[in-house]
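What follows is a set of structures for review.
You will see two complexes here that share chain A, one where it goes with chain B and one where it goes with chain C.
On to the complex of A and B.
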C-alpha cells in the first residue's frame, strides 16, 4: 500500500516536471548570455529582455490586445455570470437546463478553426467588415464556457440559507440578489475576468480569421514564433508566460478567498 | 418571480445562437453550394459531399484525425491515472494546490507552448545539442521535430490536464472503502484496478477522454507547426480551402462532415456515460 502511494507520488512529480519543462527551458535560456540556445550555459544576462522591451512594434500590438481583451473579459464574465446564476441559483425546467448547458459547451467542443470559418462566412454574407469588434465577439463565445465554470464554482459554495434568511425577513428577489448573492459571488466575477483576459490575449486561431487588418500581440508573436528561434524570442515568451500565469494565479487566489469567506 | 432562471438564460442563449449556431447554419448551407469560376453559385448540390465520399485523401485525413485523437486519449489516460489517484487522495490545501499547478500550464498560450517545444526539439534545439555535447549522438536527431512523434508528444502535453481533471472527478466519486474491501478479500492489485477501480472511475475516464478527443481532432496549430509533412490534417485542409484554394463550399462540406462524425462520437460517449451512471445507481440500490 505504502509502496503504491510512493510510486504514484514520484510518477506525479515526474508528470508535473514534464508540464513545467518547456517553461523552465525558455526561462533558463532567456537569461543565458549566448546567441546559441544550448548547454553548457554561458553566464547570466538581461540583454534579451532589454531588446524585447525596446521593440516598439510589440508595444503597438500590446495596445491592440488590451483594446480587445478588456471588453472581451467584461462581456464574457457578464454573460458567464448570467449563465451560472441560471444553472445553479434559480429554477429552470430540467430539460431546458440540459439543452442550455449543452449549448454553452458547444463553443468549447467545436474545433476553433471551424467556428472561425463559420463566423467568417456569416460576416461576409452580412457584409460586415472584420475589425476589433468582430474579433472581440468571436472570442467572447469561446471564453464563455470558462467564465461560466469559474462563476458557477463560487456560486455552488454559497450557503443557500443566507439567501433564504433574507427572503424570510421580507427581502424581494432583487434585493436578495443585490445585497446577499452578489457580494458573495463578487470574487468569482473578478477571477473569471482575469482568466477571460488571459484567454483572450493569447487566442490565435479565431483572431487570425476575425481581426481584419488589426494586429494584436498574439498575431505579431505568432508569426515570430512560427518561423524564428532566438534568445530574444525566449525572453518574449517568458514575459508572456509570466504575465499570463501571474494573472491566473491572482484570479485563483481571489476565488479561493471567497471559498474561505463562506466556508 | 418564478422561472427567473429562464430570463437570465435567455440573453446568453441569444448570444450563443447568434455567434455560434447561426454561423454553423450558414456553414451548413454553404456546403451545398459550389464555386463557379470566381463566384459562388447557390444552386443546391450534393457534389461537395460526393467529392468527399469519393476522395481517398479526405477520407484518410478524417481517419487520421480520429486515430490521432484515440492515440492521445489512450496515452493521456495511461499516464494520467496515477496522477489523478494521487491528487484525489491528498487533503484540503495540498489537493487544491496540485489542481492549480496542473491547470496553470494551460494558460501559457498556444504559440508560446509550440515555440518552447521547437526550442527543445529542433535540429539545433536543446535536446539535440545536449545529446551531441554528451557524445550520445554524432548527428542531430531529425525525428525529434517536424514529425508525428513531435506533434503527438505536444498534443499529449496540451491536453493531459483535461484527462487528469476528468479522472480526478471519477476518483472523488469513488468510495475508497470498496477498493480496501477488495484488497482485504485478497484480490491482487491488478484485479482490484480492473474489477473495482476502473469500472467505478469509468465516468471520469469517458468524460476526460471525450474532451481530449475533440480537442485533439480540432487542434490546428500543433500538427501544422510541429508535425512537418505529417502536419497536413483535416483541419488544415479546411484552413487551406478557406484561404489559398478559395473553395468555401467544399471546405464547409468537410467541416460539416467532421462535425457530424464528432457529434456522433460525443453522443456515443454521452450514451456510455449514462449507462455507467445507471450501473452505479443500480449498484448503490443493491448495496
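On to the complex of A and C.
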C-alpha cells in the first residue's frame, strides 16, 4: 500500500515537473543578472522587472489589452448569463436543449486559427475595418462557452425551491429573477467576468487576425518572443502569469463563497 | 358527519395528473373543510406531493376540477392563488434576513387576484405584519439574522411565518418536519397544531409519517399509487382501516390474511391461519373474497386474563423488547403468521403462549389481493 502510493507520488511529481518546469525556467531567468538567457546563472536582479514597468511601448500594449478585455469580459458574461439562464431555467425539450448547448459550446472544438481566418474573410468581404471592436467581438465568441459554463454551474446549484417559494409568495417571473435568482447568481457573474478577462487578455490567435493596427500586450509578447527575446520578456511573462492566476483565484473564491451562501 | 359545514373550502373532483404515460395522480376526490387540519399520508411516490403542487399551482392539472370557494383554480397562476406553502427544507432566501424573508410576499399583497383588494400595503403596515408574524412563531429576536445562522427548528418557524403573514386561505406544508430530529419534530407537531387552531386557518400537510398524521390531523387522506385508499378521522382510519394495505401502512396492527366465510349484519366470519373468527367488518365484502383480520397488539393478552367469548391463538415468542409501560412481544403463530402483542410481563424466548382477544374489537377488511386497485 505504502509502496504504491510512494510510486504514485513520484509519478505525480514528475508530471507536475513536466508541466511547470518551463515556466519555472522563465521565472529563474527573469531574476538572472545577465543579458544572455543561459546557464550558469549570474546572480539576482530585479532590473528586468524595472525595465518592463518603465517601457512605454509595453505600457501602451497593456492599455490596449484593457480596452479590449473590459468590454469583452462584460459582453461575454452578459451573453453567457443569458445562455446559462436559458439552459438551466427554460422549459425546453431535452433534444432541443442539447442542440442549444452543443451550438453554444462548439467554438471550444473549432481550432481558433480556423475561426480567426473565417472571421477575417467575412470581415473583409463585408468591408469592415479591423479594429478594437472587431477583436473584442471575435474574442467574445471564444470566451462565451466559458462564461456560460461558469454561470450555469452557479445556477444549477441554486435550489429551485427558492424560486418556487418566491412564486408561491406572489412574485411575477421578473420579480423572481430580480429578487431571488439575480442576487444568488451575482457571484457567478463576477467569477465569469474574471475568467473572461483573463481569457481575453491572453488570447493571441484571434487577436493577431482581428486587431488590425492595434497592438495589445499579448501580441507584443508573442512577437518579441520570436524576434527580440530578452530577459525583460521573461519578467513580463512572469507578471502576466501571476496576474492571471491571481484574477482566476479571486474569481473562484467569489464563486465558492456563493456556493456556501446558497447551500 | 352531521355538524359538517355545508360548503367546503377546497374541492377536488376526479383530479388527475399524468406525466407522459406515467399517472402520478389517477382521479381523486376530496374536500377541505374550513379551519381543518388535513394530512395527505402515503408512501413516497404515492402522488401526495403532486397533489400539493397542483393545489399550489406548480403543476398543471391533467384533468378534473379544483375549486376554492366554488371558483375554479385551474386558470389562476401560482402567484395569484391565495395559498401559501411551507416547503420541505424550508427554502428560505439565503441572501435575505429573517425579516426580509417574512416580508417578501407582502409586496405583492392586494394585487388584483383572488382575495386581492387592488391596493398595496404601505411600509408601516408591512412592518407591523412582519412583526406580528414573527412573534406568532416566537422569532422576533431573530429578525435581523440570516437563515444560515438559524437552527433547523428556527428556520422552520421562519418558513411558517413567511407563509402565514400573507393570510392564505390554505397553508400547504410539504413534509415540513422531515429535516428535524425526533425530539424537535414532536415539539413542532404541537406548535403546528396550536398555530392552526389559533389562526383558524386550513392546513394541508403532506407526510409519509403515520404518527405525525395521527398527532396533527382532523382528517387524514391516505394515498397509495395515485389513488385515495381511505379518508376520514384519524380514529376511524386507525380502528377501521378500509383495506389490508391501509392497516399495514399505518402500522401497529396485526394483519392476518384470510377469506370471508360468511357475512351477517356488519359482521364477517373470516377463515385465517390462526382460526375462524367472527368480527365487525367493513362494508362491501363478499363471501369467499380475500380479506384480512386486523388485531391491534394491545388487544392480545395472555389467555388467563381473557374474558369469556374471547378467541384464542397459540404462538411462539421470537422476540421480546422492553417498551417502558410493558413488553413489545413478537410471536409466530400457526402457518408462520407473525403477531405482535403488548404484554405486561416478559415471556421467555421460545415460549409458546396462548393469547386471547375479543373478536368484537377486531376488524375484518378487504384483503391485499382484493378490490379494484390490485
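The rule we apply is simple: the second predicted complex is superposed on the first by the 245 of 263 C-alpha atoms of A that agree within 3 Å, B and C clash if a C-alpha of one lies under 4 Å from a C-alpha of the other, contacts with A are read in each partner's own complex, and residues count from 1 in each chain.
Here is the rule we go by: a contact is a pair of C-beta atoms (placed from the backbone, for glycine too) under 8 Å apart; a residue touches a chain by one contact, two chains touch by 3 or more.
Quick caveat, the model's predicted, so the values are computed rather than measured.
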Examine A:8 and indicate which partner it touches, taking first as chain B and second as chain C; both and neither are also allowed. first
With both structures fitted on chain A, tell me whether chain B or chain C touches more of chain A's residues. B
Have a look at where A:171 lands relative to chain B and chain C in the superposition and call it first, second, both or neither. second
After superposition on the shared chain, which partner residues are touched by A:197: those of chain B (first), chain C (second), both, or neither? neither
Does chain B (first) or chain C (second) touch A:162, or do both, or does neither? second
For A:49 in the superposed arrangement: first (chain B), second (chain C), both or neither? neither
Just chain B (first), just chain C (second), both, or neither: which does A:146 touch? neither
Figure out whether A:184 sits in contact with chain B (first) or chain C (second), or with both, or with neither. second
Touching chain B and also chain C: which chain A residues? none
Touching chain A in the complex, chain B uses residues 1-6, 8-9, 11-13, 15-16, 19-24, 26-27, 30, 79-80, 82-83, 85-87, 89, 96, 98, 100-102, 104-105, 107-120, 122, 124-126, 129-130, 133, 157, 160-161, 183, 189, 214, 217-221, 225, 235, 238-239, 242, 248, 251-252, 255, 258-259, 262, 266
Which bits of chain A are touching chain B when the two form their complex? 1, 4-5, 7-9, 11-12, 15-16, 18-23, 25-26, 29, 36-40, 79, 82-83, 85-87, 89-92, 96-97, 100, 103-104, 106-107, 109-115, 117-122, 125, 137-138, 140-141, 144, 173, 195, 198-199, 201-202, 204-205, 218, 221-222, 225-226, 229, 233-234, 237, 240-241, 244-245, 247-249, 252, 256
In the complex of these two chains, what residues of chain C are touching chain A? 56-58, 78-80, 83-85, 87-89, 91-95, 104-105, 107-109, 111, 113, 148, 162-163, 166
Spell out the residues on chain A that touch chain C in their complex, using ranges where they run on. 159, 161-162, 164-172, 175, 179-180, 183-184, 261-262
